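Two complexes are shown next, each including subunit A; its partner changes from subunit B in the first to subunit C in the second.
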Partner chain A sequence: MTPTHASSTPGLWSRLQEKSIEQLHIRLESIVVLLGLITLMAILSPYFFSVSNFMNILLATSTIGVLAIAATFVLSSGGLDLSLGSVLGLSGVVGATFAVNLGMPTPVAVLATIGAGALAGLVNGFVITRGFVPAFIVTLGMLGIARGLALVISDGRVIYGLPEWMVFLGQGRPFGVPMPVIIFIVVAIIMHIVLAYTRYGRHTLSIGDNENAARTAGINVEFHRLTLYTLSGGLAGLAGLLFATRINSGDPTAGITYELTAITAAIIGGTNLFGGRGSILGTMIGALIMGVLQNGLNLLAVQSYYQQMAIGGVLVLAVFIDQYQQRQETKV
Partner chain B sequence: MSKTVKYSTAGLATLAAVAVSVPAHAEEYGILMKTLANPFWGAMGEGVEEGAKNAGVEYYLQAVESDQAAESQLNVCNTMLERKPVAMITAAINSTNLLPCLKKAQDQGIKVVDLDGNLDPEILAAESIDITFSIGSDNVKAGAQGAEFMVSQLGADAQGPVLVIEGLSGNITGQKRATGFADALKELAPGLEIVASLPGDWDRGKAANITNDILTRNPDLKGIFAANDGMALGAMESVFAAGKGDDVIIIGVDGNSDAVKSIKSGRLTASVAQLPYLVGKQALENVKMAVEGNDVEKQVIVPTLVLTQEVMEAGSEPMLEFVK
Partner chain C sequence: MSLLSLTGIKKSFGAVSVLHGVDLNVDAGEVVGLIGDNGAGKSTLMKIVTGIYQADEGSITLNDESVLDLTPGARRARGIEMIYQDLALAKQQDVASNIFLGREPVRNILGVKIVDRGRMKQEAQVMIDRLGAKLPSITRPVGSFSGGQQQSVAIARALTFDPKIVIMDEPTAALAVREVQSVLDLIRQLKSQGISVILISHRLNDVLSVTDRIVVLRQGTAAANLKTSDTSMSEIVSAIVGGGDVAEAAAHEARG
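Let's turn to the complex of A and B:
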């Protein structure tokens, strides 16, 4: 991050800002917007400010949140994965097929769900890095292939009736906290550490910042990309697991257009669409901004059409603030 | 930097303008629809609202952005529970997506109504969810009525290919209509052969493409049955574009306003009209009775009506009043 070039002593806000970027890799504005939204919704709706409603928000954000983590990794490396939503659907169907139709035990079915996603991601990564086909094209192709395959495997029908322990992953509530929320938060913390503080994360960001420089510095860019798409697919598989276990069935139409929502969350959270910058904590805040907005508007009985407009508006606003600030910073 | 804060505040103010504050109520009915962008669901929503106004109850209607937004509907459903309604009237996107929410609703003592028969009784039993009642048309019968009408036009000894355009893969309503049609057709006119039964995903454009393809393969196509009107209208465009408007009988299901217009102008042959407005209205009336502690039937079936140019011109059918 570029430090501020203010000649006078920086104010409290800019010092806090710099600290949060250095320590947590997030921009303070996004937290301000999130808190502002929460305050606004709490004032507008008497039903908003309660523990059970916050659990609702986190639960509603968990699937998209896991996908947004995948999107953040790929985007910040200068890549793109448009197949996230379809891979989510495919993984859920594969998992349900293993558990219901083949009668496999839960651990096998869970691994199959995540594995199916990772495999789809591996194929993406392989074609992108070895076949030199642009990521946009490959993952757009996978969007169709995975969705079609999900419909083929399930014969277009919802596969209902997962085993008890699988359903627990989606519907269980240890200590009153829904399992998908626990899984989502644990994964987010691990992935935040990976992206912000490990060599793997630094390589990811430097490839996104300047691919040639990264190559010159000795990073095996192709192999790194391959692992990133596999990771992205695996996370989509995990999201598929959360989705399927939550509704106790593998739904071949699950996750349509979720890739766009996931990318939106990542960008609201400050990920650069063209690579070089991204943080999972930021993305989580982006996803929560959308989650709070949707939940609040639902409680206020605002039609879903307006909700789409609101989220679209927030996306553009977030990038606008970001760009505005960057212009201010580069002005000497 | 302070400017940035100002911008954020401006953004929040805009959001506040979008939102409309709704005060809390003691006794509220929650209504959860699919999407109101589909005229069928729109009409059903109007019926529910009319019923609520007549009954003088407070209601709270929510819909999602599309017919396929399964998870988003589940989230809206969970949010709805926060308002603690006395009853929830739900039109689930598929037979499983709302289950966790309906279970919670049941635990909270909220009466749950299945609007338009989207839930599967077997799955409900497996999840031990006991809904108050299910209301809707009999979709198997609607399909059969379509077959009856087709046979009445072509004759019981007719020969030739027939196309069936199913709904969204995995949707129980579409499946029931398509199988209802296929079974009745086989029985009434064994000479009419269903050469293809393909999912049109409730999509007009997709149905038009399917029809084009099948017309290429079977230029002597006798009839098309589509599981909803939108798809029937799409199929009709392809049939007319191929210059076969007078040779192919096209039947849809729903009786939506576009279809009614098309039938009046002599393009679409018929639509097995569901009366979504009446379904919505009766759903609210019945649930109010249940909330007040009266017994209601577990399975309320609202009849369907074959709409043709003839029926509409005669205008003597009493149920025509509910065709919107």
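Let's turn to the complex of A and C:
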């Protein structure tokens, strides 16, 4: 098989692949892996293939999925946000404090939850773009700071007893569909449109692809980055809201290592670790792969320690495959 | 009246002074060669024109209007385009995305401004065809193209929005012989349409064959301003290196 032959008569697979990337912004491999994983789990466990279990998977995926959207935006701009899990925890505690300790009405508490995340993201973005500190360091620092702040605010204790309407956001089931799943899907659709079809999204990818090209094209790269980290923090805040309202409490230890799963989901979904490529639909497939994997391993009664190993392994494997493909594609 | 006029441009980076008061005028439809040794300040001067760098002192006017306070995007909108030596392409994006980078046309759908992909693809194809460039597909990432094809995309981007002046930084340095000729032809074509060109190049033969005037930068000042039809290779080389015995160097350049 010679490369010239392959390029002159593209096979069915590569034609489908091109269409899929052009129209849906999804790489076909990720869909194949998801379907393969579902088939495998359905064979291995008699409890897997049911509507209620699929709802469970979606519910479990919703929090991680929202974080993975944040990770997709930041990664595809050539950045990195390691503070997602900690900001999730901080936001949940801030929301619970507003609602329970301060007795604020639900809308205020909800805004405070998301706002706390956005503020943490704004701080990240400010230090990265104005202080010229690498994103890796800044968000690693925020990982520690946000977690510590969550423990300080809550005095290290879980804050129980959210008001009824907040709990509805996490536990309500209009038409039998859990609220977090509805919120997750709506946010995913909106953010997919933003990344794939708006100037903001196209500029995000361009900055990650070639920062210099974006700058010479007149894009304000620093300000754009600042908004991206703020958006990332805000989405982590939303994830914190979903998490806290689902367990009806603000837990300062919520979301530990969630950034690992979120970044893994984004990369499995086709986001380039070094920027320039990413799509929310792809990330959704990636998040579902992680969700199905965890759910299936649970049903098969695999210890959670092994599950952590599986997530770490999948992350490395996904980047390996991506890098391998890029080497193949650029080979002359 | 000059289209583009630079007066007394000074620029230093920290303690290093790069430009000490450069004047440069370009008329409409004029092709000006900007030459000089490495470190003479050519690229710095051009980045000041496009707004990537800010001048410490001096003025820049386009059609007698100052552009000093404008952002790079706003200067592009006024008609100052630059093709960078590294082409400044987003390699993972397709041709249309690169051509319209930062100026994507939008459609209003339910109050949301959606990038008009169809129009972008269509206009990109028209521009590529007009340049006579052969690209495998305009929906492929430009990183998969050859050097000459990538250059075509960069040129197409500079010409899509009716520029008044196009600055080209070493456009022929990395090209095959045939591709060099097509770039030089393109410069002549732009001139015939009344578009000004500033050509930065080390290939003096290219500069001599296509320009109307040659400005030589040496150590941060405009050391010479020569009419191409009245000058010679040895005069140019002498201006670049700053006098002395230049016969051998000039002969070498003349041989090409």
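The rule we apply is simple: the second predicted complex is superposed on the first by the 320 of 332 C-alpha atoms of A that agree within 3 Å, B and C clash if a C-alpha of one lies under 4 Å from a C-alpha of the other, contacts with A are read in each partner's own complex, and residues count from 1 in each chain.
The rule we apply is simple: a contact is a pair of C-beta atoms (placed from the backbone, for glycine too) under 8 Å apart; a residue touches a chain by one contact, two chains touch by 3 or more.
Predicted, not measured: the structure shown is a model, and the values here were computed from it.
Peer 1: Answer with first, second, both or neither: which of subunit B and subunit C does A:S154 touch in the superposed model?
Peer 2: first
Peer 1: Which holds for A:S206: it touches subunit B only (first), subunit C only (second), both, or neither?
Peer 2: second
Peer 1: In this superposition, which partner touches a larger number of subunit A residues, subunit B or subunit C?
Peer 2: Touching more residues of subunit A than the other partner does is B.
Peer 1: After superposition on the shared chain, which partner residues are touched by A:N298: those of subunit B (first), subunit C (second), both, or neither?
Peer 2: It touches subunit B, and subunit C stays clear.
Peer 1: Using the superposition on A, tell me which residues of subunit A are in contact with subunit B and, in the other complex, with subunit C.
Peer 2: Subunit A residues touching both partners: none found.
Peer 1: Once bound in the complex, which stretches of subunit A touch subunit C?
Peer 2: The contact residues of subunit A facing subunit C are 18, 22, 193, 197-199, 202-203, 205-206, 209-210, 212-220, 272, 276-277, 329-330.
Peer 1: Quick one: which bits of subunit C touch subunit A in the complex? Just the residue numbers, please.
Peer 2: Counting only subunit C, the residues touching subunit A are 50, 52, 71-74, 76, 82, 84, 86, 88-93, 97-98, 101-104, 106, 112-115, 117, 139, 143-144.
Peer 1: Across the complex, what residues on subunit B touch subunit A?
Peer 2: 1-5, 7-9, 11-12, 14-16, 18-24, 35-36, 60-65, 68, 70-72, 74-76, 78-80, 82-83, 94-97, 99-100, 123, 126-127, 168-170, 199
Peer 1: For the complex, which residues does subunit A have touching subunit B?
Peer 2: Touch list, subunit A to subunit B: 11, 13-14, 17, 29, 32-33, 36-37, 40, 44-47, 50, 52-53, 56, 59-60, 63, 151, 154, 156-158, 160-161, 170-171, 243, 246-249, 251-256, 293-310, 313-314, 317, 320-321, 324-325, 328.
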